[in-house]
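Okay, so chain A shows up in both of these, paired with chain B first and chain C after.
Here is the complex of A and B:
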């Protein structure tokens, strides 16, 4: 089907329910991921099942309230039982959680199979979601003459509640999420916030299970939040990015499910996984590719500087101002392709005269090379003077650090060392390229 | 009739062998803290099962399990890859893989279903929540044989895995191939999960690894016994679950097997002799009684010491211990039943054995107080005087030195001189 077909009469209700469910889960899920409670979402989404079923059995219909109360009780039970096993019985946290939620889930499945199947609670609806029914199952009321899907109304209410609680307790959630002990010492009751968050998770899980199913809720709880943490380092940024990812997953999931004629909730989870994969590779700051590129850029800069250092020292030797032989420069261990790339960049950047093995330095290359050698020798002095490192051991550390000292730092280093003229090997410290006035006596190596 | 029973017996043997394998590999998974990774793994097998079905077009047991194995391993690799970069923590990575892979599986099974492969679809459905009733004889045998190979591997390499479970750094320093062993263990867990799928189902397979092992951990502290016990629990839950589910129509085997394991877990939780809830409650009560007896005797002794009369009135004792009259009466009754005090209408006196005990209690306490006053740089809460003799805590020479100080002050119980110097407020 065409993409715009998502907004036609038949599909719009499904789209609304899918987006609302995804956004709901993503909102609470952002906090779960940030608080390292991702698997609690998993546990609660499994654990609420018996509560849902019991609530449903007692009420005898699909009214939200009894199911919600049952599910909240079960969620609280999951959390408290896990906590009890962990704290009092000293069972490893993961195992405690695993025991509790699988047990509850098994109980829920048996309850469904034995008792609920005869009263219109379809197990596959609970487990895997039936968002497709959204178009048929409409709310009894109407907004401007349009009857929204029943579950959309529920989801909208729950979304409003979640949003309201988070907006109202923004600071409290922020602090308890990142520094629970500080929050406690300020009287913020981090345990209470923890319980509140679990309650919201349960509420959201129950409201969303019709759309995405109780197992796939975990995908919508965890994946958008994880995408958010890849894209932003700020809480608001994480939440907004998670919302964006949730909407994207819902829209694309629905579209691809209709195209492939298969389960919407399944494709929503897969789409979320796809969005995550893209974020994992391309996220500007934490993504894999930018990270590799940054590392490549750094390697390239180091190789370039090493080449310039070698050329500068060669120049120093032939135009001999110093009476001491300059130290050897670039080590041979840079991979050949990096060296070629670096030489190419030096040539294009106008730092050397030609793309040959040992080109002559231009004025610009000379300045960069001089800066590098200056940093190198100043650092050697620092190591020798302040840390009493023997002269034979100065070169290697200096060779590594020279790439990471900026101009300001170098200037202060020089002042701290009382503007030395020679390094511990007796080699001359080259003048800073711009600061000629400060050291007029010193003649720059080339005029 | 006979054939059917024979069939059931073989399926039963298969699930029992499965329980054996799940118990032993589950123990290792638990100790290596891979419990919930097993959950992600089992959910990640679903797309593999579906793809295998779509490719081969048949419900061939071997093909489906091979598919499950492939995506299961893929899922684990993705978890490792995501969490190794550091930004996404392992728990989130597990959630991501679990949700996404399972979603993929549901979508694929939807595609299969809508292609109209209904009969076979029923076969796939049984992989979600497990089905032993429809299991073929050859399938049960396959499961059983692989399970037994798994157990044999655990027995063979148990010692090495024990080392990497408890101290992987040390194992590395000692020159063990930690990564290879870890990988092999992960593979073993994967294989166990995969052969558990037909009986327990994708959604709950992790439980059959986690629950028996966790229950066994409540009873024992050593790996060997834990492996054996977990295997027994696994066999029990596997076979009981199979029998119940086979005897009840419409009951998927997975949840029943899991609930059988949970029942064993609950029993362990209650009755384990050292870590069980009942045993712990009893020992807590006993400890509190001992502590209260110590306080009672200590107060009586100090009252007698101050008044120089070998007897203390109830009112005076009540002043020293802020206990209500009912509680005081209870404690006094208990102590007199133990023959530690004589409780008459005029007051309370210590018997000989009570005096000896009270002297020791007060002496230890004062030495401890003196130690804390003069040389303590440790947190006194770290030491539980109820549980230990003073001689076990402090070196002998120091005890003698402290005793000398107390004797000089006339505060050493059992020593002749009794002084009226104000006692400290130790409890």
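Here is the complex of A and C:
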């Protein structure tokens, strides 16, 4: 099927239901993940099943209200029973949750098998949902002459309720999620907010259940929220990113399910996992790859500076007034490929004259080298004066730290040490580079 | 227990009356009876597990005492903003939470705003002012996970300042901070005292107690001594606080816990009056 085929008459209702269900779960799920309660979301989404079935049995039809009330009661029961077991101190939180929701879920499956299988519900529908059915089961009303799927209407209403509650209680959710004791001391009761979130989770779960099944509900409660925390450092950003991830997973899941002729909710959950993997690797700030690249950039800068340090000391030895032999440069422990890359960058950046083993320094390279050696020797004085470290042990620590001190810090260091002229080995402290060239290249090393 | 109405026209900042607090039926604070005068810097000192944090939490109304009561400026504790600024221990929150420094400081204004109302321009101005006071206004937009330990502590202090309370309760604000932060916090404490606020600080470093505080409260499961530094922070009292295990008290607490194991809802009676 072509991608645009998703928007034709037969597929559009399914797409709408899938997207709405995913967004719904992702919305409350973002809060569950941030409150480190994602597992409780799982527990509730399973624990509601017997309530759902009992509601259905009492009403005798698939009206939403009785099923909803039953599910809410079961959700609250799950949350409270878990809490009670946890507080008994004999059972830890995860185990308590596991005991409660697996029992309730199994009970729900048995109830369906025994009393409701002939009618409309069946256990596999609980796991996988029946999103294809949504296309047939239309709402009795119409919007601009178009009859949306019944479950889409339900999901839209629930989404509006969740959005409304979160918008109204934005700061209450924020504070109770971040610092519940402070909220309590301010009279914004955290237990109340906790129960409210549990209620919203139950409501969302029930509304999504019928269409997409429990596998997808569990996935969508956790995965988009986790993606959101990888992508943003603000609460609103996390929520929006989670919504984006949910939509992406729904669209791609539906498309690939139709292409492969397999379960829609299964493919949506797999897609969510795929989106998570991509975010995990590529997320600009917290992703694996940017992290590696930042490490690489740091290593490269250190190697560059070490090369400049060696060249500057060589220059000092041949041209300098110093009567004491300069210290040796950094130990050559850097991998060869990094050294080649660093030398290339030095050449391209105009710090050295040529791309040879021991090139001459340009004025720019001279300034960088001088700064480095200056930092190195000042730090040696600091270690020797203030930390009483013997002269033979100064060199290596200074080699490590010299790459991380910026110019401002170095100036303060020099002042604190009363502007010394020689380091503990008797070597001259190079004066800070001044003049035009220094001003042109006024970029302190990054931390 | 609801405390009786105060008849004193000029009540002390904090009154703690016969307070006993238990966790899982085991008493961790026994019969604390103390009055803290207004406008003082008060250090709470005692060994690990002495119940210092629990005392603060009881003063905030965060734990339900097994017996006894607390009054703040003559008013009984009730749910709601009763005017205590709170600085919890730094590790008590998740510093990876996706909020900015300003967001956290704004939380101090939530009590006055009450339910539903959002912080507006006035609250933001106040938050910036508080950040200035603790010297980190330039970090306002920073995400909190990027802060150093000292900066985190200053954020908490700024948040408490935004509460604009008469009484401040701080749980180890000096723990694990750099020297500059320690000085900055100390200065803020002095400003608070100068404006007539009462500040109660759980403190670990015995070396600095005399320098930092006017009053001291020596705590080890029970109140060992309380009063002005000069008369209270004595060698004898310190020995009573830190030296020697309270074997009998421990045994009694254990007995209460064992006895209560039969019924989790049961709360131990207060120990008889001294």
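Quick notes on this structure:
Just so we're on the same page, the second predicted complex is superposed on the first by the 433 of 447 C-alpha atoms of A that agree within 3 Å, B and C clash if a C-alpha of one lies under 4 Å from a C-alpha of the other, contacts with A are read in each partner's own complex, and residues count from 1 in each chain.
As a working rule, a residue touches a chain if its C-beta (ideal position, glycine included) is under 8 Å from a C-beta of that chain, and two chains touch if they have at least 3 such contacts.
Source: prediction; values computed, not measured.
In the overlay built on the shared chain, the residue A:297 is in contact with neither chain B nor chain C. When chain B and chain C are set side by side, the one touching more residues of chain A is B. In the superposed pair of complexes, A:109 makes contact with chain B only, with no contact to chain C. Of the two partner chains placed around the shared chain by superposition, neither chain B nor chain C is touched by A:10.
Using the contact criterion defined above for the overlaid structures, shared-chain residue A:175 touches chain C, although it does not reach chain B. Once the two complexes are laid over each other on the shared chain, residue contacts for A:289 go to neither chain B nor chain C.
In the superposed model, A:261 lies in contact with chain B only, and not with chain C. Contacts of A:229 after superposition on the shared chain: both chain B and chain C are touched. Looking at the shared chain after the overlay, A:99 reaches chain B, while chain C stays out of its contact range. Judged by the touch definition given at the top, the superposed model places A:36 against both chain B and chain C.
Comparing the two interfaces of chain A, the one with chain B and the one with chain C have residues 36, 89, 229 in common. Those residues of chain B whose C-beta lies close enough to touch chain A in the complex are 30, 33, 35-36, 39, 43, 82, 85, 87-89, 91-96, 98-111, 114, 128-129, 203-204, 206-207, 210-211, 213-214, 217-218, 250-252, 254-256, 258-259, 262, 265, 269, 275, 277.
Residues of chain A that touch chain C in their complex: 34, 36, 87-89, 168-172, 174-175, 177-179, 181-189, 229, 232-235, 237-238. Chain contact summary for the complex, chain C toward chain A: residues 24, 57, 60-62, 79-81, 84, 86, 88, 92-94, 97-100, 103-104, 107, 110-111, 113-116, 118-119, 143, 145, 163, 264. Considering their complex, residues 33, 36-39, 41-42, 85, 89-92, 94-99, 102-103, 105-107, 109-110, 113-114, 117, 127-128, 213, 215-216, 218-223, 225-226, 229-230, 257, 260-263, 265-270, 272-273, 276, 280, 286, 288 of chain A touch chain B.
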